[in-house]
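Two complexes, one shared chain (chain A), two partners (chain B, chain C).
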Partner chain A sequence: MKALQRFWRWVLAVLIAGWLPVVLVAWWWNASADSQDPFFPPLETIWEQFKVNWLFANVGIHLVPSMQNLFLGFAIAVSVGISLGVLIGASESASRYVEPIIDFFRAIPGVALVPVFILLLGLDSTMRTASIAFAATMPILIATIEGVRSTNAVLLDTAQVFSLTRPQVLFRVRLPNAMPIVFAGLQVAFQIAFIVTVASEYLGSGFGLGAFTLISSDSFMIVDAWTGVLLLGLLGYALSLLFDLVERLSLRWYYGQKKLA
Partner chain B sequence: MTTAISITDVRMEYPTPDGVKHVLDGISYDVTEGHFVAVVGPSGVGKTTLLRLLTGLAQPTGGSITMGGERLSGAPKGLAVVLQDYTRSLMPWLTVEKNIALPLRNEHLSKAERTERIRSSLAEVGLEGSERSYPWQLSGGMQQRVSIARALAVRPRLLVMDEPFASVDAQTRFDLEDLVLKVRDDFHITTIMVTHDIDEATYLSDEVVVLYGKPAKVSDVVSIDLPFPRSQVATRNDPRFAELRTRIYGKVRGLE
Partner chain C sequence: MATVRRVLPPGVVSTVIALLVWQLIGSFGPLAGDSFATATEAIAALVEFAGQSMFWTAVWETLQMAVIGFVVSVVVAVPVGILIGLSRFSYRSTKFTFDFLKVIPPIVVIPIAILVIGPNLTMGIALVIFANVFAIAIQTAYGVRDADPVLLETMRCYRMSLAQQIRYARLPSAAVQISIALRIAVAASIVVAVVSGLVGGAGGLGSLLALTQSSGNADQTYAIILLLGILGIAVSRLIVRAQRRIVFWSGR
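Up next is the complex of A and B:
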């Protein structure tokens, strides 16, 4: 009974959130149906070409390498960002020394460093992964430092009085306490990682979604370029949904507590 | 009667922008093993400062505190605390049982022993079946019971409580006071409780220490000779209870 109720509530939520996108797509479909403009082909044409390109002929050569770079780069950013962040955040003086440096690197747009990484690492996927990792590390690092530093004094006193060791205080008190803030950083980092993934493929690559879209557009294969853009949009949206889900599941305690407060 | 903790001529001074602030001035007091001692005094007298010294969270600027003959530096072994602010002293990301298990990590218990400690501590505070709940899903009184269970689970030699019932409603407060009396009966843990509530101090303690003055000194040590077991009705209606609380009240207000 309760499950059924929840199901209907979920259906309702999807309808409320979904009607506008449906209307917009329908409008695009109709308005572009007779389009002769080479730059704005009918949506139907784009869709037909989308099926040709992405179900699933080009998935292996374009989608897979992009996703590999994205996920590997992001995973590196998460491990480096969180572990460095915990170490720095746990020490008042370390965070004071390091913060201006991090703020400087954060101020550089992630994409701007791609040419530097090309110089250092060449044009292969190592360069792309490194660019993604570097750009995405910054927001995670900052969020983790901030979160770990902001642990309330009562919690730390409690930990100390019960004789928890330093690593225990760090990883069992400070880090879990910081997770809501860390996740906010992860969210920003993931968006940056996605942008850098595409942008890093604009230079010197024949593979990947960014490369595909750029090459299509450069060779006036406008419909193909549109399918690339469409896929990127859908992908970005799906990944952000996935991200929200992971966050909701990992931070159950946080959202549960917030709901009661 | 053996002494559990010796507080000898303890002084505490803080540097502040307006010069050095003396908080404690030569506090001396011996806590008898197994006794329940309440520390009372007017607001801002330095009760919490004394408590931070006893838990090793701060070091006195003069004098010494020894436990079992050893001078305290850092949290003493076998210490457990219950703080006023239960919402902030329990970890919100851990379930009740994991909160209780956290301080047990360094005790090298087998899994079965650990489970048994958690079970028996929760049973002692009347919270059987709440193992899988999160603290924030429980009422204030129940959260404070979890704090007490966490303290009991480490089988402490010394239990320190800071205004443990100040943030719960009156009815819950009576319940928790009686729970503390039961724990006292069951385990005879040496306990030091800081409170501003004179009735509560009188009701629960073997001895009440009154701090008074700026900087604070021990102005009185009152032995509470009320019989055990105590009860909210009989004990509080005992003429001796009124006598004792009147004496303590006078000392806390600096009368005489």
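Up next is the complex of A and C:
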């Protein structure tokens, strides 16, 4: 009985959330159906071309390299950001000295650093990975420092009473305690990593989904450009959903704790 | 040492050290060469820029895109957000759509924007609006819905009109959320204005950056990066200060 009730409530929620996107897409489909405007081709044409391009003919040459750069760059950012952040955050004076420098780097748009990396490393995928990693490190670093520093004083006192060693305090008290804040940083970093991935492909020539889309646009292959934009948009949304899922799974203990409190 | 610390705040010390390290890396390390600018070279290039009207035009164009885009976003998104937030149905109907559009980074639509609008200031403004409008609307609506339920019940008990409920319960609650959204939006506006220039050729500092990089002038490239960093810090300091004054009841 209760399960049934919950099911209907869920159906209702989906209906309420879903009618607007359905109406919008239907409107786009119909309004563009006999479009002669070269810049706004019919949605049906875009969809046909989308199937030709991305189910799954060009996935291997354009999408896979983009995702490789994205995840490799992000992985580097996570390991560098968290380990440096823990080191800096563990010392009160170190963080006071380092923070202005980090603030400066965070203030620079990640995309604006791509030209610097192009000058240093050229146009290949090392440049892309390096740009992604550098831009994504900053928010993780800041969040980790903040998280490690903001450990509850009572917890630290308790740790001292039980005479935990410094590494024990760091890894078993400070770091778990920092995780919710670190995850907020990771989320920002992941968005930045995605943006820089696309930007590095726009600016550097050649492979990748971004490059495909911009080249299509520049050479007036308008339907192709639309399919690229559509795929990039869907990808951006899907990746953010994936990130939410990972966060929910890894911070289960934290949400449980919050519910109790 | 203690007196040194009192005279020199840590920020100044670390900035000086960072500049020295930068200078040394650029002069002696494996990075030394034409593709890397030292601190002195970058600062010299920035000073040289300051004497050129073309540079100030670029700064002005970037600020124009950011400010106009930001203002339009706020003027459109705040009223829409308030309207959406007033009813549970409209809030829940629009949330998914707005969240979806909010997550899509504006850089993704640049190839289409170049075709439809063309690489100019209007495109930059449109991208700034696209970047901000959904996030501000959804946050405003959330603030309106987030008003204290006990307060609303009390107002209903005293037969206060809907207008009064909006004025004294919904809007103050929304204002806190709006101020958070705007703080993010200001920073995002500048970033998007720069990026539309850099990637989309919309003009301003972004386009200047693309030009200096493609002509291989590392000194000027680093000078612009330096400026962007300083600008970013200055803007975020200003916002924090303004927020403390305007939304003083937010408890921060």
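Just so it is clear, the second predicted complex is superposed on the first by the 242 of 261 C-alpha atoms of A that agree within 3 Å, B and C clash if a C-alpha of one lies under 4 Å from a C-alpha of the other, contacts with A are read in each partner's own complex, and residues count from 1 in each chain.
By our rule, a residue touches a chain if its C-beta (ideal position, glycine included) is under 8 Å from a C-beta of that chain, and two chains touch if they have at least 3 such contacts.
These figures come from a predicted structure and were not determined experimentally.
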Report task. Using the touch definition from the top, say if A:Leu155 reaches chain B (first), chain C (second), both or neither. Result -> first
Query raised in the report: Is A:Arg172 touching the first partner chain B, the second partner chain C, both, or neither of them?
Result: first
Query raised in the report: Which partner does A:Tyr254 reach: the first (chain B), the second (chain C), both, or neither?
Result: first
Query raised in the report: Is chain A touched at more residues by chain B or by chain C?
Result: C
Report task. For A:Leu113, decide between first (touching chain B), second (touching chain C), both and neither. Result -> second
Requested in this report: Go through the superposed model and pick first if A:Val78 touches only chain B, second if only chain C, both, or neither.
Outcome: neither
Query raised in the report: Touch check for A:Ile46: first (chain B), second (chain C), both, or neither?
Result: neither
Report summary line: Seen from chain B, its contact residues with chain A in the complex are 55-57, 75, 77, 79-81, 83, 85, 88-89, 91-94, 102-103, 105-106, 134, 136-137, 154, 160
Query raised in the report: How about chain A: which of its residues touch chain C in the complex?
Result: 13, 16-21, 24, 39-40, 93, 96-101, 103-109, 111-116, 118-120, 191, 194-195, 198-199, 202-203, 213-214, 216-218, 220, 222, 225-226, 228-229, 232-233, 236-237, 240
Requested in this report: Write out the stretch or stretches of chain A touching chain B in their complex.
Outcome: 152, 154-155, 157-158, 160-165, 168, 172-173, 176-177, 179, 253-254, 256-257, 260
Query raised in the report: Can you name the residues of chain C that touch chain A in the complex?
Result: 10-11, 13-15, 18, 31, 35-36, 89, 92-97, 100, 103-105, 107-112, 114-116, 190-191, 194-195, 198-199, 206, 209-210, 212-213, 216, 218, 221-222, 224-225, 228-233, 236
